[in-house]
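The two complexes that follow have chain A in common; it is paired with chain B in the first and with chain C in the second.
And now, the complex of A and B:
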């Protein structure tokens, strides 16, 4: 579609950009104590964006801006996931005491710009757009991770993020340049045709380039061996940003990987069977091994942590590993299971991070000591934290169980080649049970009982209840979600 | 310098030098310089491929966009490094290690 015709389908992003400009300009006229208002502007803007994304989710899949991005139900689904998590983070940012010393105008504006980048990541089908959108998201997250200017830990998080981020996107860019040279185009579909006609076993440059591109993807979803930034950045950044980085860029990163592997490595007809056959590199095995190493490392290191925030950082690495388990199969079922997992993961993970914020606001710390006897002092918080931990472990009847169920079902259905992944995933779930239940044990079995009960402020209470309801309900009744995901499983492909 | 090979040779040299700089340097600004070398190696690739292989301008446009993004990234990175210098009086990455390893 030409540029002018595309504008009609680009309305969500246009509204978002207008909202961002409104945030920037309004911020000029506000006193420091009033900057929470910017969050309202961005929130209302995002709700409108969400409605227009929903409105566009039923249009037939098509490419926009001369084959730069696509609009299809898959990208609309991912955009809605991103909007939900951003809205929750905006509300949590109002109540996060770490930020109260600083102006929040730029903070909300940067989150808004990040959402534009995430939207483009979910829908790009051109390596130029792919790189630009990744960089937009990365640069905004560097600033946000180091947002607490006077806090040396936050400074350090920003520095480490900027070095790892710039380095891995540089390596990815070099890989992209080699792919461009080998195929002569920046468009996924042309690249796919060219790759399928290259004799890939005789072409080490192609294999090298694809490995380099995977470095950029792996950094975005924090998979081993590109995960080194994750624990430090997650620990030092403001807790709301940590929570945001652990869900939204990860969702967009998986969308990007699925689209890249689907469009570039499979023929454009459909996702069927094992589609990654075009290069002689054993992709399913490589990604399978990376997935197993990622979750094992995440789980084993999480056991040793003393800070709950850092433990959740490692647990988010482990969850990236669970989602990667389905990638080697790359059938329609695998994509479905990743989409379901991402949706339930938002709620359980954000809920756990919101409780970290509540405890930090109250006690000023985030280690296990602060959680001693929490279940008796703040019963609601203790009970909901138990629910989130159950859900993150993946025990029934919680939403996390449904996510894992779909992933394992895909792997079992894909045949004997993938059974070792099921075994590894099962063992890892047992390991994760240990450290998630360590939190529950500290909350309920140690510390002094006190008769003085306290409750979190109503805003945070509302937020944790809002995230707890889907974490429980989706575990008992997930048909609507599964149906929605099935409807969204439509990719743009050239044959249409 | 009329063949693609010589350009590719220079760009891979630049890439390796950048990689070497990122891995060995302990000064944050030197590390950033290494990253810039990597980005520029990719830029040379894009422009060279565009000149010798395809006749379209995609490669040139990509290179221009990379220059813009590298500038934005450098601005953010230098701001973070200045902030670290103000708070900790050092730009050595090994000294900035308050977070547990």
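And now, the complex of A and C:
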């Protein structure tokens, strides 16, 4: 589709850009204490964007801007996930005391720009577009992670993030340029065709390119061995940003990986069969091993953490590992299971981070000591935290179980080659129980009945209830979600 | 009548919600309401029992609703001769347990809310006929149990609670893999009855890691259930959890939760893969023998009265395992000895019930003396017989029931297990009689040390067992005595279902994979 025709289907992003400009300009006229208003503007803008994404989700899949990006139900699904998590984060940012010393105008604006990048990540089908979108997201994340200027940990987080980010995107860019050199194109579909007919003497270069590209992807979803930035950045960044980084870029990262490997290195129309079969490397095994190492490392290191925020950082590495379990299969079931997992993961993970915010606002700390006897002092917070921990462990009847069920189902259904991944995943859930329930233990088992019960401010209370409801209900009845995911399992592909 | 099984599951869930909403300072109100809810539950269970048709061995009172059509998950409930006695036992012990918990002081509201949730979970497992539902209830039991042990338990409660949780979760994860394996091989369904129908054919020749998938799935499911039973070497969570848990929770753990393991083996492993029974039975009988001997020896070595009772559970569940292994007598290679198979299986199912009542009694009685002396050291008492004659009498009765004296129900079921297993596993049966000796030894020795000899001066003011405590023990004692003398009603209730299971296993021998 030509550029002008494409604009009609690019409305969500256009509205988003207008919103961002509105945010920037309004910010100039506001006093520091009033900058929460920018959040309102961005929030309302995002709701409108969400509606227009929904509106466009039923158009037939097509490419825009001369094959730069696509619009298809899969990208619409991912965009809606991103919008939901961004809206939750905006609300939480109002209540996060860490930010109260700073102007929030730029903060909200940067989040808005990040959303544009995330949108493009989910829909690009051109390696240049892919790279640009990743960079947009990364640069915004660097600034946001270091947003607490007066806090040295936050500065450290920002700086570390920049160094790791620059390095891995450089590696990735090199890989992408190798692909371009081998195939002569930047478009996914042209690359796919070229690779399928490529001479086998080019294999070493192709393998190099793939490994380098995977470094970039792995960095985005914080897979081992590209995860080293995660704990420090997550610990230093403002908690709202930590929460955001643990869900939205991860969702977009998975969308990007799925699209890239589906449409470049496998038969994109069939969406099944021997994925990534064009090179000699045993890709399913390599990604499988990476997944297992990622979740095992995340879980084992999480056990040793003193700070709950840092523990959740490692737990998010582990969850990236669970989702990666389905990647080696890369059948339609696998994509479905990752999509479902991402959806339930937003609520349970954000919920847990919101409780970290509540406790930090109240006590000023985020280590286990601050949670001592919390269940007796703040019963609702304790009970909901238990629910989030249950859900993150993946115990029924919570949403986290449904996510794991779909992943495990994919692997068992894919047959013999992948059974070991199920066993590894299962054992990892048992390990994760230990540290998730360490939180529950501290909250309830120690501590005594206190006569004064306290409740969080109504805004945060509303937020944790809002995230708790899907964490429980989707564990009991997720048919609408399953149907929605099924409908969204349509990719744009050349054959259409 | 139509939705009576749903009623059984949803009464306690609603009850838990109601209790959670009560004001937290009115502790007695919480207790009375919990008693009322479990009482109602017990009445519904009795109504179900009266309406149950014992001649029909198939599922009765079936309920079936669509739930998640995209994964073929349905809400299916049903009851047969295998699950009905367990449902009755559950409803009864949970009702009694409320009175055993009457003295709980800490966070009464939370305790009873979790208690009722546990009740729903246990009944759900016994009644559900859809694997997904089954698995959900199986896991729903864990969380209340974790809190009940961890918050209201003894000094090592935190460690005991997480150990219990980790062990059981490990088992259930393996079980989940087994369930998913069945889901895919049997045409993408979680419906247990449908899987039972399809499995023997569907699993035939399927390989996992170069092994027969049926065998792998059997082992995965078995480990899940074995941890609950618990079968040696998966038993180490049990003594700790039983000892640290508050009395009522020990009663429920021993009385009901252990039965879930054997129930699962019979319902799921036997029901779905009857041909594999022949492959595994000898191992099962051997594990039963180890349980009997190991449990007995450990019990003998204990100085803590509650730990002794806990190990006696391991010992007693061993008889059940030997009993269920005996079904292979029905196979044609073993001479199609249907009588032996019936004796073994019915004995095992009877033993589940009897151990439920007897161990409940034992734990309540240990709780009575702990309440007064604040310790359970067997050697720390002495001469209590003169101080507490009624308590001594009842404990004597419970101990005799526990050691399987003729005239008590335990004797009948243990004898049936042995009679059934003897034609097939002669050596194991002979060796496991050593267990009976150990069984008698540890109970009698403990009894002697606690009740006979000089009265310990410290306890000369010890109060006699009170009315509430008697009220919790007497019904169990009556049941034990009644079934000891006249086991007919129980055996008639389960016979049709047992015959059906045996028939299926006998038939499986003809096409068995071996």
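Criterion: the second predicted complex is superposed on the first by the 490 of 496 C-alpha atoms of A that agree within 3 Å, B and C clash if a C-alpha of one lies under 4 Å from a C-alpha of the other, contacts with A are read in each partner's own complex, and residues count from 1 in each chain.
The rule is simple: a contact is a pair of C-beta atoms (placed from the backbone, for glycine too) under 8 Å apart; a residue touches a chain by one contact, two chains touch by 3 or more.
Everything quoted here is computed from the prediction, not taken from an experiment.
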{"item": "Touching partner for A:67 - first (chain B), second (chain C), both, neither", "value": "neither"}
{"item": "Which of chain B and chain C A:477 touches, first, second, both or neither", "value": "second"}
{"item": "Which superposed partner A:186 touches (first chain B, second chain C, both, neither)", "value": "first"}
{"item": "Chain B versus chain C as contact partner of A:142, first or second or both or neither", "value": "first"}
{"item": "Partner chain(s) touched by A:412 [first = chain B, second = chain C, both, neither]", "value": "second"}
{"item": "Touching partner for A:163 - first (chain B), second (chain C), both, neither", "value": "first"}
{"item": "Shared contact residues on chain A - chain B and chain C", "value": "none"}
{"item": "Sites on chain A touched by chain B in the complex", "value": "127-128, 131-132, 135, 138-139, 142-143, 146, 149-150, 152-153, 155-159, 162-163, 166-167, 170-171, 173-174, 176-178, 180-181, 184-186, 231-232, 235-236, 307, 310"}
{"item": "Touch list for chain C against partner chain A, complex", "value": "67-71, 106-107, 135-136, 139-140, 142-143, 146-147, 150-151, 157-158, 161-162, 165-166, 169-170, 173-174, 176-177, 180-181, 183-184, 207-209"}
{"item": "In the complex with chain C, residue positions of chain A that touch it", "value": "390, 395-397, 401, 405, 408-409, 412-413, 416, 419, 422-423, 426-427, 429-430, 433-434, 437, 440-441, 444-446, 449, 477-479, 482-483, 486"}
{"item": "Chain A contact footprint on chain B (complex, rising order)", "value": "11, 15, 18, 22, 28, 31-32, 34-35, 38-39, 41-43, 45-46, 48-49, 53-54, 56, 58-59, 61-62, 65-66, 69, 72-73, 76-77, 79-81, 83-84, 87-88, 93, 96-100"}
